[in-house]
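In what comes next, chain A is part of two complexes: it sits with chain B in the first one and with chain C in the second one.
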Partner chain A sequence: MDRGRLALSLIALAAALALPFVAGPFWTGLATQMYIFGLLALSVDLLLGHAGLFSLTHASFFAVSAYTVAILQVRYAVPTTLAAPAGILAGTLLAAVFGISVRTRGVYFILITIALGYVVWGVAHRWSSFTGGDNGVTNVPFPAIGGVGITSHTQYYYLVLAVILLCALGYRVLIRSPFGLGLRGIKASETRMQSLGYRTSAHLYAAFVLSGALASLAGVLYVYYNRFVNPVASSFPISVEAALMAIVGGSGTIIGPFLGAGVVLGLRNWVSSFFEMHHAIMGAVFIATVLWAPDGLVGIAARLRARFSRPKEPGP
Partner chain B sequence: MTQLAIEVGALAKVFGGLAAVDGVSLSVPAGERRVLIGPNGAGKTTLFHCITGTLKPTRGSVRLFGRDVTRDPEHRRTALGMGRTFQITNVFPDLTLLENMTLAIVGTDRRKWVMHRAVAAFADVRRQALEGLEAVGLAGRAAQPVKLVSYGERRQLELALALNTRPKVLFLDEPCAGLSPSERQRISKMIAGLPRDITLVMIEHDMDVALGLADRVTVLHQGRVILEGTPDEVRANAEVREVYFGHG
Partner chain C sequence: MLTSAILQAINGVSLAALLFLLASGFTLSFGLMRVVNMAHGAYYLLGGYIGLSVAQKTGSFALAIVAGGAAIAVLGYFIDHFLIRRTGENHLAQVLLTVGVAFVLGDVALAIWGGDNLMVPAPKFLKGSVVLPGDVYYPMYRLVMIFFGVFVGVVLWLLYKKTQIGAVVRAGVDDREQVNATGINVDLLFVMVSALASFLAGMAGVVGGAFLTLYPGAEWEILVYALVVVIVGGLGSLGGAMIGALVVGLLDAYGRWLLPEFSYFVLFGPIALLMLFRPRGLFGKEH
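Moving on, here comes the complex of A and B:
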């Protein structure tokens, strides 16, 4: 990492640490959501930005994990130390099943993931004796580890911050590893990868399950923040928004999905206060990104940086 | 009798109604250098695809050192010792040359599954990748993304990738096509200098290169083998002159 980026990271970290003190509960809450949905977007982007697979079923892992935690904590009084891992496990197991979709590519992969996502949404919606139907599961407590419990949204903010920092570090190692390079190779030319000795479907399956595990972790963070979960968490728009966040922020990067989450959540909050059709605005943002900034915010930053750091060349 | 590296039995590949390969049988002893020639559309590339597993043959069988690999997927055949280049350059445009080579080097061993260590931490892989680039004259380009290097350099990378999967049998599909005369010379010299224990099967349009390098030549025409022999026999054969050179 060069010095400029290191300095920028430290400033961002300091700002994140100071946020609850300088900004009110509203901004702290928004930032917590940004981290949680940024993590979900990051999980989607492991497939999208690295392996070239566009999944639209990640809300499923997110929601199954959230429901598992909620049901265990609320109905069976299972402590956080067991409920949270159980949530991640449940979401990851679902990803291990849904991972069969890596046998398809391109538009078929997209379609099959949409269909799988609807199955989960249907179950959450219809199996009301277990999932609580449209009301979902409410009164989820704050997490508590051992005797030590979270008692405020500010404390929870720091917990989430710590978790996403650890995830970002782990993710960074993963995408720089031979396995991560292999994913980028598959995205660029799957046929060549096969002829170099890679069983590409196995690689993609492993990436799918890992990505599902990360989405499940985001689901755990979500349910403890929200204190309830209902079928909306598993719905198609959540999967779409997660992909949108990654693309708006900068697919293929680590910071991008978090920035994208910030933009999408911030805009939605702001626009919906005076305009009912905020979904239309989201659509417009997405179209503008694809047309004019396909590399997202990170791409815009890189272009600006290139323009200002390059010595001026004589004009033609 | 020496062992057969490659044994193709009555292989056919039909596209729609067209038999691109129409019952080819071919045996290449270990260590031999075999050149495949034939006019455009003869089915040379399709035959390669079927042998290396890129395509499934409609009929017929493929053996590698006596082992039936007809049903093995391509990555398995690579693990068993087949390496190949593509006629249409097939490398990783967004990655650097060094990353391209890294993929080739770890592709045939378990390190491709390592998730917890950065590529940069594998010093031996890096060294081998740089050596591999050096061997095809690309050492100075290691850090550049493929999309920024010239067509000729990509062709050289194409060859370097195949060489670094530890092949026992190497299939080269027109490795010199589209190169400048000087690049062409370097590459054909490099191929001639490959260790003799690597069995070589090469498609080549340039007759001088082909006949200069080959131990034996197989001539393909309309999906069939019409002749197999030493370079001298092929040069002397009237039928080959007819179909291949288009004149008597």
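Moving on, here comes the complex of A and C:
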């Protein structure tokens, strides 16, 4: 890491730590959401940016984990120390089942993951005796370990910040490991990796389950922030927005999905304060991203830096 | 019990007829143009709403079908030409772009037609029910829907297999560059197939709106069914769309009847089986 980037990271960290003191609860809440959805986007991007698989079912793991935590905590008064791991486990198990979709590639993978995501939404929506139907599960308490518990949104902000920093560090190790290199190898040329002796399907399956586990963790953070969960958490827009966040920020990077989450959530909050049709605005963001910024903010920044740091070349 | 089972079978087949209308366009435009258009559900909903307004103004159901289809054919052409064309063959970009288009269209429809469940008025002679053998009453409309689906299926099949245009389209599905090299205007062909696909989706909206009703969110529900149809049948295959529609229609009808809380879950079965044994669907080819 060069000195400029280190300085930038430290400034960002200081800003994140100081945020609850300088900004009001609105901004702290928005930043918490940005971290949570950024983590979800990061999990989607493990497949999208590194393995080249475009999954549209990640809201499923997110929601199953959130529902598990909510139901355990609210109906059975299970403590956080058990409920949170149970949530991650449930989401990861579902990812282990849905992971068979890595038998397909390209368009089929996209379509199948959309359909799988709808199966989960359908169950959350229709199985009302267990999931609470459209009302969902409400009154989820703040997390508590032993006698010590979170009591305010500001405290929860710091907890989420700590979790995502740990995740970002772990993610960095993962994508720089031989495993991560293998994924990018598969993205570049799967047949070549196969001829080198890699079991590419097993590799992708492992990435899928890992990515599902990360999405499940985001689901746990989400349900303790939101204090309730309903079928919206499992819906297709959540999956596709997570992918959009990764792309808007910059796919294949770590900071990108979080930046993208900030842009998308911030824009939606701002627009919905004066314009009712915020779905249409989101749609416009999708279209604009695809047409004009396919490499996202990180890509734009890299392009700008390349333009300014390189001495001007003589024109053709 | 047996009567219910038979009724559910008819329900399933009539849903299959509707799904076929939608999925055939989706699968054809993928087969020829390699375009994954996630706005197909929104085309369905918008076509249905336009048909509804036309039916309310003129009182003619036939006119509603034509208007819904034609309006969407024109809209689909513009979206294809100005937006989708610019993504090349990047499926990821196509999916994101067309999801965005669907969000915009859905919100515009919500602003115009509101959030209530609306029903396209069916013509008088299709209202009421018929008595089937065994004293079973069944809504006339859904029964006619089956014949309509079969009729469109036969027309499409004849167009695809027996006419020169169909031959050119089939050739285009197999090898587009070669067709272009023989001097056939592939661009014109694309416009026609894309218009046909959009027309079918818009028409399906009117026809489906008369028994499934139209409401915000319907675009995604119907799209997912259509996606499962093409996953089962195989992308790009018209015959696959027919078989897939029957499988999904019947599974859905029996699922709703026997496992009402898990009716979406029964869709998971065929998808999982296909992933294990035929990842490209029953009739899908390498893409």
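Points worth noting:
In this text, the second predicted complex is superposed on the first by the 311 of 316 C-alpha atoms of A that agree within 3 Å, B and C clash if a C-alpha of one lies under 4 Å from a C-alpha of the other, contacts with A are read in each partner's own complex, and residues count from 1 in each chain.
Just so we're on the same page, a residue touches a chain if its C-beta (ideal position, glycine included) is under 8 Å from a C-beta of that chain, and two chains touch if they have at least 3 such contacts.
All values reported here derive from a predicted model rather than from experimental measurement.
Between chain B and chain C, C contacts the larger number of chain A residues. Residue contacts after overlaying the shared chain place A:S216 against neither chain B nor chain C. Look at A:S55: by the touch rule set out above, it reaches neither chain B nor chain C. Within the superposed three-chain model, A:Q33 lies out of touch with both chain B and chain C [touch as defined at top].
Residue contacts after overlaying the shared chain place A:S43 against neither chain B nor chain C. Residue contacts after overlaying the shared chain place A:T113 against neither chain B nor chain C. In the superposed pair of complexes, A:P294 makes contact with chain C only, with no contact to chain B.
When the two complexes are superposed on chain A, none of the residues of chain A touches both chain B and chain C.
Touching chain C in their complex are the following residues of chain A: 48, 54, 56, 100-101, 103-104, 106-108, 110-112, 114-116, 118-119, 121-123, 125-129, 236-237, 240, 243-244, 247, 276-277, 279-280, 282-287, 289-291, 294.
Of all the residues in chain B, the ones that touch chain A in their complex are 52-54, 73-76, 78-79, 84, 86, 90-95, 99, 102-104, 106-108, 111-120, 122, 161, 165. Those residues of chain C lying in contact with chain A across their complex are 30, 36, 83, 86-87, 91-93, 95-97, 99-108, 110-111, 220, 224, 227-228, 230-231, 235, 260-265, 267-268, 271-272, 275-276, 279-281, 284, 287.
Listed in rising order, the residues of chain A touching chain B in the complex are 173-174, 176-182, 184-185, 187-189, 191-200, 203, 206.
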